[in-house]
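What follows is chain A paired twice: with chain B in the first complex and chain C in the second.
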Partner chain A sequence: MITASQKPINEIIELVEPYKKLLILGCGTCVKTCFAGGEDEVAVLASVLRLSFKKMARPIEIEELTIERQCENEFIQEASPGIARNDAILSLACGAGVQAMAKRFAKEVVLPGLNTTFIGIQESHGVFTEECSGCGDCSLATFGGICPVTRCAKKLLNGPCGGSQKGFCEIDPDTQCAWHLIIERLTTLKQQDNLKTYIPPKNWNTSLSGGPRKLIREDHII
Partner chain B sequence: MKTYSRLHEKLTKGKFVVTGECGPPRGANKDVIDKKIRLLRGFVDAVNVTDNQTAIVRMSSIAASAHLVAAGLEPVMQMVVRDRNRIAIQSDIMGAYSLGIKNILCLSGDHQKFGSQPDAMNVFDIDSVNLIRTVKDMRDSGKDMSGFDLDVAPKMFIGAAANPFADPFEYRVIRLAKKIDAGADFIQTQCIYNMDRFKEWIRRANNEGLTDKVYILGGITPLKSAGMARYMNNKVAGMDVPESIIKRMDGVDKKSRADEGIKICLETIEELKETNGVHGVHIMAIEWEEVVGQIVEQAGLK
Partner chain C sequence: MKINNAPKLTLFHCLNSFEETNSMFDGCTIKTVKMACSSMTKDIHLLKAFESGADAVLVLVCQEKDCRYAEGSIRAKKRVDYVKTILDDIGMDGRRLNIFNTTAKDSGPIKDIIKTTISELETIGPNPALNHFN
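Coming up: the complex of A and B.
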C-alpha cells in the first residue's frame, strides 16, 4: 500500500486559513489502512479544525466526506456536489490522489492534508515499513525477496557495508540491516551462490531517474 | 611486471608498506595540507586522502591529492559513491589521473545522516564493488562504462576497504572475494583493535587463497585516551574496541594515555608483520599526524 501520515496541525491550519467553506475529503483505501485519511481521521481532523478556528474566533464551515479512492475517476465523481458547495478541498489522500483531484477539478483549490511517505506494509499493528521504491526493474528473486534498493540505506547491491552490526543498520539502531536479512534468507533457501555473484550497476532508466513514468496498456485502451 | 604506482611497485617488491592519511580541511586552506605533508613526508609510502569523510563537507579529495602530487608525495585518492553518479565518477577518475593521481580507494561512503548536512540527498547510483569494477574496466579495456574508447585510459592501482569487524562475520570473506574479483589490487582494513577477530578473518582469507591475489594493509589508529576508545567502540559504526583495550587505556594515568595508545599501535604492527597475508599497515592518525613518524620509526618501518 501507499503509506502517509497527517501533516502537523499547525501546517494544516495555515493551509486552510484563507477559506471559509472547506471540504475535508478522505480516501478509503491505502491511507485509511495506515490511519491517516479514512472516515475516522476525517472526523477527528474536522473536530480539531472547528475547535481551533473557534478559539481564533474565525468562522469556518467544514464538510466531511470520504470516498473509496481519490486516485480513480470513477470514485472521484461522488465528491462533485460537495466540492461545488465549498471554497477549497483538503484532501486526505496520497500525493497521487491529491493530483487526481486537482486534475479532475481544474478550477478548485485542492490542498494536501497528508505527507505521502512510501510503498510499504503494516509490519505489526500501527507499524509500517518501506519495502519497495517502484524502481521499475524488480530483482527480488536475486535477493531472496528482500529489496536492497529500498531497504539498504546505501542501495548496495553487492553485500553489506562495514556499518552492519548485529543485524542492524548503522544509520538507526531500530532499522534492520537489509543485507543481514538477505544473507539469512538466502542461506535458508540454500541460494548462497547469489551472495557471491557480482551484481552490475543498476539500470535506473526504469525508475524516476528516467523522468516521470507512464504505464500504457494498449489492450485496455478504449 | 607493469606497476601502476610507486605504492604498487613497493608491494610487488615485497616491502611491508606504510600508508598514512590526510584529511582535507573544512575550507580552502592549502596550508593545512602542507602541514600534514611536512608531518608525513619520509615516513609513509603513500597517503590516503579522504573524500568528505563522515559526510562532513571538506576540500575535495581530488584537489587535496593533487597538492600531494605537486609536493612529491603519492596520494591514495579515496572516492565514495555517496555523492556522485556514474557520470561524475568516471569524469573525476579521468581528471584525477590527468593530475598525476595513481592510486584510488573505492568506498561506499559514510551515510550523510552522520554528517554536517543530513538534509542532503545521497546518490548511490552504483555501489563500491561496481566502482572497483568501473576503475578496472577503464584501466584494462580503455573504455568507459558505455564502451566508448578513451584516448588515454586512467591506469590506477585499485584499492578497496574491508571491515573484518562488521557483521555478519561469515560474509566478510565472501565480500573480500567479491571485491578482489571486481578488480581490487589492495585492501585497507578498518582499524584493528580486536586482533583475535582480525586473525580469524585473515586465516579464512588465506585458506581461500585470497591473500595471494591482493595486498592487505591492516588499519591502525593510535588511541589518544580511554574516552576515545570508548567513543569509537560505541559511536563509530563498524568499530570493535575490546574491553581489554579500553581497560588498558583506563589503567594508566592521564598523562601517559597517549603513550599507551602508541604502545598498543606498535604491538599491533609487530603482530601484523608476523601475520601471513598482511602486506603492510595503513596508519590513520586522525588529526594526530605528528605521531605517525614516531610510530613508523619505532616500528622499524622507515
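Coming up: the complex of A and C.
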C-alpha cells in the first residue's frame, strides 16, 4: 500500500485559509490503513479545523466525505455533489489521489492534506515500513523476496557492505540489514547459490529516473 | 483570562474509575460521559467535547495495572497525549485536557482533581474557540 502522514496542522490551516466552504475528502483504502486519510482522520481534522477557525473568529463551513479510492474515476464520481457545494477540496489521499481529483475536476481547487511517503506494509499495529521503490524491474526472486534496492541504504546488489553489524545497518541501529536478511532467507530456502551470481549494475531506465512512467494495457483499451 | 460563568467541564470515565457523588461538582458545570472501557477514549470525542463548549476535559481511567481489559488505560493516555499536542498546535492550550488514574471506590482524589482543574482554568482561561460565536 501507499503510506502517508498528515501534514502539520498549521500548514493545513494556511492552505485552507482562503476558502469559506471546504470539503475534506478521505480515501478509504491505503491511507485509511495507515491512519492518515480514512473516515476517522477526516472527522478529527474537520473538528480541529473548526476549533481553530472559531478561535481565529473566522467562519468556515466544513463538509466531510470519504470515498473508497480517490485514484479511480468510478469512486471519484461519488464526490461530485459535495465538490459542487464547496469552494475547495482538501484531499486526504496520496499524491496520486490528489492528482486524480485535480484531473477529474479541472476547475476546482484540490489541496493536499497529506505527505505521501512510500510503498510499504504494516509491520505491526501502527508501524509501517518501506518495502518497494517501484523500480520497474523486480528482482525479488534472486534476493529471496527481500528488496535490497529499497531496504539496503546503499542499494547494494552484490552483498553487504562492511557496516552490517549483528544484523543491523550502520545507518541506524533500528534498521535491519537487508543483506543479512537476504542471506538468512536464501539459506533457509537452500538457494545460497544465488549469492554467487554477479548482479550487474541496475538499469534505472525502468524506474522514475527514466522520467514519469505510463502503464498501458492494450488489451483493456477500446 | 478569568472565566465569568462557572467553567464547563466534560468528564469521560470508565465504569470502574468514577462514581458520581453529591457536591463533587461545586463551582462548575459538568457533563459526564460513561465509557464501558477507557480504550473507548477517542481523539474525535475529546475534540467534540471542546467543540461543544467544554473549557476543560478530564479523562478518568483505572490504574494501568488494574485495567480489566488490559491496555485500556494505556491506550487512553496515548490518545489524550495526542490530542494535547493538537490543542497546543492550534493555540488552544493542551493543559485544558488531562487524564488521571482513579478508582470509583475513592472519590476524594477525584474531588481534588476537579477543584484543581477549576483553579487552573483561572490561568489557562476559557475555551478560546467559543468566545466568538457562542
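List of remarks:
Here, the second predicted complex is superposed on the first by the 222 of 222 C-alpha atoms of A that agree within 3 Å, B and C clash if a C-alpha of one lies under 4 Å from a C-alpha of the other, contacts with A are read in each partner's own complex, and residues count from 1 in each chain.
Following the convention adopted for this analysis, a residue touches a chain if its C-beta (ideal position, glycine included) is under 8 Å from a C-beta of that chain, and two chains touch if they have at least 3 such contacts.
Treat the numbers as computed from the prediction; the structure is a model and nothing was measured.
By the document's definition of touching, of the two partners only chain B reaches A:Lys155; chain C does not.
Shared-chain residue A:His180: touches chain B; no touch with chain C.
Contacts of A:Ser164 after superposition: chain B is touched, whereas chain C is not reached.
Contact with neither chain B nor chain C is seen for A:Ser139 once the two complexes are overlaid on the shared chain. In the superposition on chain A, A:Ser80 makes contact with neither chain B nor chain C. Touch criterion not met for A:Asn205: it reaches neither chain B nor chain C.
The larger set of touched chain A residues comes from B, when the choice is between chain B and chain C. The interface of chain A with chain B does not overlap its interface with chain C at any residue. Residues 43-44, 47-48, 50-51, 86, 89-92, 128-133 of chain C are the ones that touch chain A when the two sit in their complex. Of all the residues in chain A, the ones that touch chain B in their complex are 153-167, 170-171, 177, 179-180, 183, 195-196, 198-202, 204.
Contact residues of chain B toward chain A in the complex are 81-82, 86, 108-111, 113-114, 122, 124-130, 133-134, 145, 161-163, 165-168, 170-171, 174-175, 177-178, 181-182, 190, 237-238.
Listed in rising order, the residues of chain A touching chain C in the complex are 8-10, 13, 40, 43-44, 47-48, 50-52, 54-55, 57.
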